[in-house]
Amino acid sequence: MLTILLIATVTFFMMHAIPGGPFSRERPLPDEIIAALNEKYHLNDPILKQYFDYMVGLATFNLGPSFRRTGFEVEELILLGFPISAKIGLMAIIIIILVGIPVGIVSALRQNKPADYFVMFIATLGVTIPSFVVAALFIYIFAGVLQWVDAFGLERPSSYIGPVLALVGYSLAFVSRLTRSSMLEVMRQDYIRTARANGLSRFKVIYKHALKNALIPVVTYLGPMVAAILTGSFVVEKVFTIPGIGKYFVQSVNDRDYTMIIGSTVFFAVLYVIMVLLVDVAYSLIDPRIRLGKKSE
Amino acid sequence: MGYQQNDFDFLDSSRKTDKEQIREALTYWADTWRRLKKNKMAIAGLIGVILISLFALFGPSFTDYEFAEQHTDFANTPLRVEVYEISTDLYVYLTPAYRMIVVEPDGTFLYRLDQSGFDFANKQFHFDYEGEDVMVDYSYKLLDELADENIDYSITFRGVEYKVPYKVTSNKSYPLGSDNVGRDVLTRIMYGARISLEVALFAALFSLVIGVTYGAIAGMAGSWLDNLMMRIVDIIDSIPLLLYVILIMVIIDNKGLGTIILTLGLFYWVGMARLVRGQVLSLKEQEYVLAARMLGVSQPVIIWRHLIPNAMGPILVALTMMIPTAVFTESFLSFIGLGISAPLASLGTLCNDALDAIQTYPFQLLAPALMIALMMLAFNFLGDGLRSALDPRLRKG
Amino acid sequence: MSNTILDVKNLRTTFYTHMGEVQAVRGISFEVNQGDVLGIVGESGSGKSVTAMSIMGLVDEPGRVSGGSILFMGQELTKLSDAEMNEYRGKEISMIFQDPMTSLNPVYTIGNQLIEVIRRHTDLDKDQAHARAIELLQMVGIPEPEIRIKNYPHQFSGGMRQRAMIAMAISCSPKILIADEPTTALDVTIQAQILDLMVRLKNQLHSSIILITHDLGVVSEVCNKVNVMYGGMLMEKASVFELFDSPQHPYTLGLLKSIPRDVTGERKRLVPIEGTPPDLLKPPSGCPFSPRCPYAMGICVREAAPLYTLSDTHSASCWLHHKGAPVVEGFVQVEEESVHE
């Protein structure tokens, strides 16, 4: 909660620190128009009042009108774009978890075998190659050369493949690498030896005793992963021209649509903080030592 | 079994003392280098980094173009060109946008012919060559009855129709083609790589300076100051950084090199500060630091002469890993239109510029994109290799 | 005499690393009878832990048992598959480890881990297993077992965790309990309690113990037989009395001289054993101890000595027992050789 407040405040004052105000453009507008605009957006009010108004608006999810898209309220634009982005993002997260973790486990169990080398090679590529490169390659190969899918938009189910793939890239690779190394580390632990010495089956040793411990660092990564997917969506939605919130944000950045920038930033920040909170909850469910730490505080 | 004569005589001490293996004494860095050499990936990364740096630094002196030099006549040329010989010593090339360029026999571009007419009904373009008419018939691709002739167009000059190119050759004027205003893609990638590297290197160095200073102060100071400084680091860490980099870029609104270096440096020192603090905390307990303190060496000198050099290994690894991060962030920002802008161009800008024409001229996007990927790979491999070479856990074993 | 439960013959365990073969155990033989507390003593790297892991069938890649046999109640263990071996582990032969802080899974409750083992090897249902778990915790002296069973390992002290480990190990009344340095990581005051507990439970359950340790003091307190290992080979095996009374191997002698024994009141100088243990990648061709042995002879560097039988319960692998060797005070010489290799 404090983080959100802090972010909103910092963002607000940062935007108001811009010299010349939001309407100074390459081509200066007549003074009376600027005055009228300032009047319309309450920019003549004292800064503290503006701040206070903004904070009240924020609490009631009323983020004010968009500077550049006349007739649209910022929250309308967010609500318009968010479901589309959320759908792709959610698909990406599901794929990352359902594919990344098993791949990491299998890779760890086949350590230094060809399958492991192959997976780790692909994963290294995935971690290093930026998402817009993946997106560009995808469009070139599958939409351009092979003509299997549409390059733009989301009309057909197959149109989701490209964006989701580009979005998934880095985090999927990262999660499988993390799972692998964490699994390898855990398999060396004494309690795994204990479990084996107690005659537990290989299956139980791996999927009960090792996995839960190995997932702890993976869960910690979920927070940053949400951030990565968020920023990844800026690029992916731009490349694939998807009308999601990421595309609106990039557009507003290019148009200097200040209310929209503030609104989206705060929205992203809130989303992020909520996800981090969820991750904390998940974390304490897995690791009993954390639970105790919280209780004693 | 047979026994030998002196089997049951005691050995004198000289014969039985086991020769203690004397391992070659290696300095820290020599040992690191030895480990690094054994790691194929790291060496591949190192070679990659060197090659890319050479490419970016010295490449431009070998091309015929400046990075901003425009030849709108030769815009959007691809990698391979079809040369038609339409008269003795008259060679032409037709661009994908139906512009006719007079070329040398080997395919080097000379000049563009003016378009003198356009016959929409018959799908014909007319060009003017010194008063004579050159006609391009592009109906082959469009009319069904001609579709089986596997050509796109034909060129007619002085009554003769040419359907087959004289030869297909690589683009001699622009080895990697030209962009939408006729700039050489290869030259632009060289400059783009140079700028991306510059930004990454300086941003990394900048954040290194802040991070090391901050971390060292926090680590040496200890107590409440350390607590406060680390709390600040925690707060910075808890927000999605890229968002704030974007905001700062929007606010400063000056898309120069300096801005982006400053912004990246301002935000990415946090990890370095944490690392240096941790190193300082563990190192300052060492005896040689105590000894230096007993000798009355001042605090800054202790930090500078004793702590930093000993923390150099991890710092170097962090620096190497920060470069690809900075390359990525810079290209990301440029890609969404916030980074370097014209006339300068980083790799991200190049990608962004080429995005609109991805369907028609994919190579203009692929070339810089692949360059970014190569840079990231090379630095990451090198960084990974360095990290394992410097890993104290592996050093002993 | 008493019935033999475990008969290890000429056991070899080798690790095939990329640097070469590491022969961690190089042909050792011993047996464990019912009721025995067998101590295996040696420095780190002498192969004592690998011996234990070989019996458990838990030698990991790139190592494996490369020769010899391990007979448990007449069953050859080295031929069993991993799944078949699981029927023995934790049920017939169980093991407790050195560091109780890390040997329990931190993300599951003590009860969960204990019940899991019980149900793995018995037909008890959930409630019965739960009751049995509480009973076991009671047996190993954990107070309020009904509450403690719901605790996580981090809520236990080191000594309590080792007790929980013991509870887990004895949950199916194993024939043999292998304890690998069970008290090294514990406070001295706790050490005696844990050892005492182990011996008491052994008698209660009619099982045997293999106690791996480098602490001769511990051996003298609880063991009845001792194997002394060095460089992957057996140097001497004896009853505790014989070993402390008349050690018949220079290495054992060295070990005894290097431990402080103020109980006797004598003020003797501690004598360290000079040199370092052998590199098992390139083991010396002869006796592994020869480079450090004050009595090394010509043959020692060429060939390892056979195991000379000195009494029913005492044998030693040292050329000094050969009738041709120079007489050294305290060392017996024997006529016939019982060659084990």
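Points worth noting:
A, B and C label the chains in the order they appear, each numbered from 1.
The rule is short, and it goes like this: a residue touches a chain if its C-beta (ideal position, glycine included) is under 8 Å from a C-beta of that chain, and two chains touch if they have at least 3 such contacts.
Note that the coordinates shown come from a computational prediction; the quantities given were computed from them, not determined experimentally.
Using the average of C-alpha coordinates as each chain's centre, C ends up farthest from chain A.
By number of C-beta pairs in contact, A-B leads when B-C and A-B are compared.
Chain A and chain C have Cα centroids lying 54 Å from one another.
Centre-to-centre separation between chain B and chain C, using Cα means, comes to 58 Å. Averaged C-alpha coordinates give centres for chain A and chain B that are 25 Å from one another. The residues of chain B never reach two or more other chains; the list is empty.
Within chain C, not a single residue touches two or more of the remaining chains. Touching chain C in their complex are the following residues of chain A: 189-191, 193-202, 204, 208-209, 212-213, 216, 286-289, 292. By the touch rule above, chain C contacts chain B in their complex via residues 275-276, 290-293, 295-303, 319, 322, 324-326. Touching chain B in their complex are the following residues of chain A: 3, 6-7, 11, 14-15, 17-18, 124-125, 127-130, 132-133, 136-137, 139-140, 143-144, 151, 227, 230-231, 234-235, 238-239, 250, 253-254, 256, 261, 265, 268-269, 272, 276.
Contact residues of chain B toward chain A in the complex are 235, 238-240, 242-243, 246-248, 250-251, 253, 324, 328, 331-332, 335-338, 351, 355, 358-359, 362, 365-366, 369-370, 372-373, 376-377, 380-381. Put simply, chain C touches chain A in their complex at residues 56, 58, 82-83, 85-91, 94-95, 97, 99, 102-109, 116-117, 120-121, 152, 154-155, 165, 168-169.
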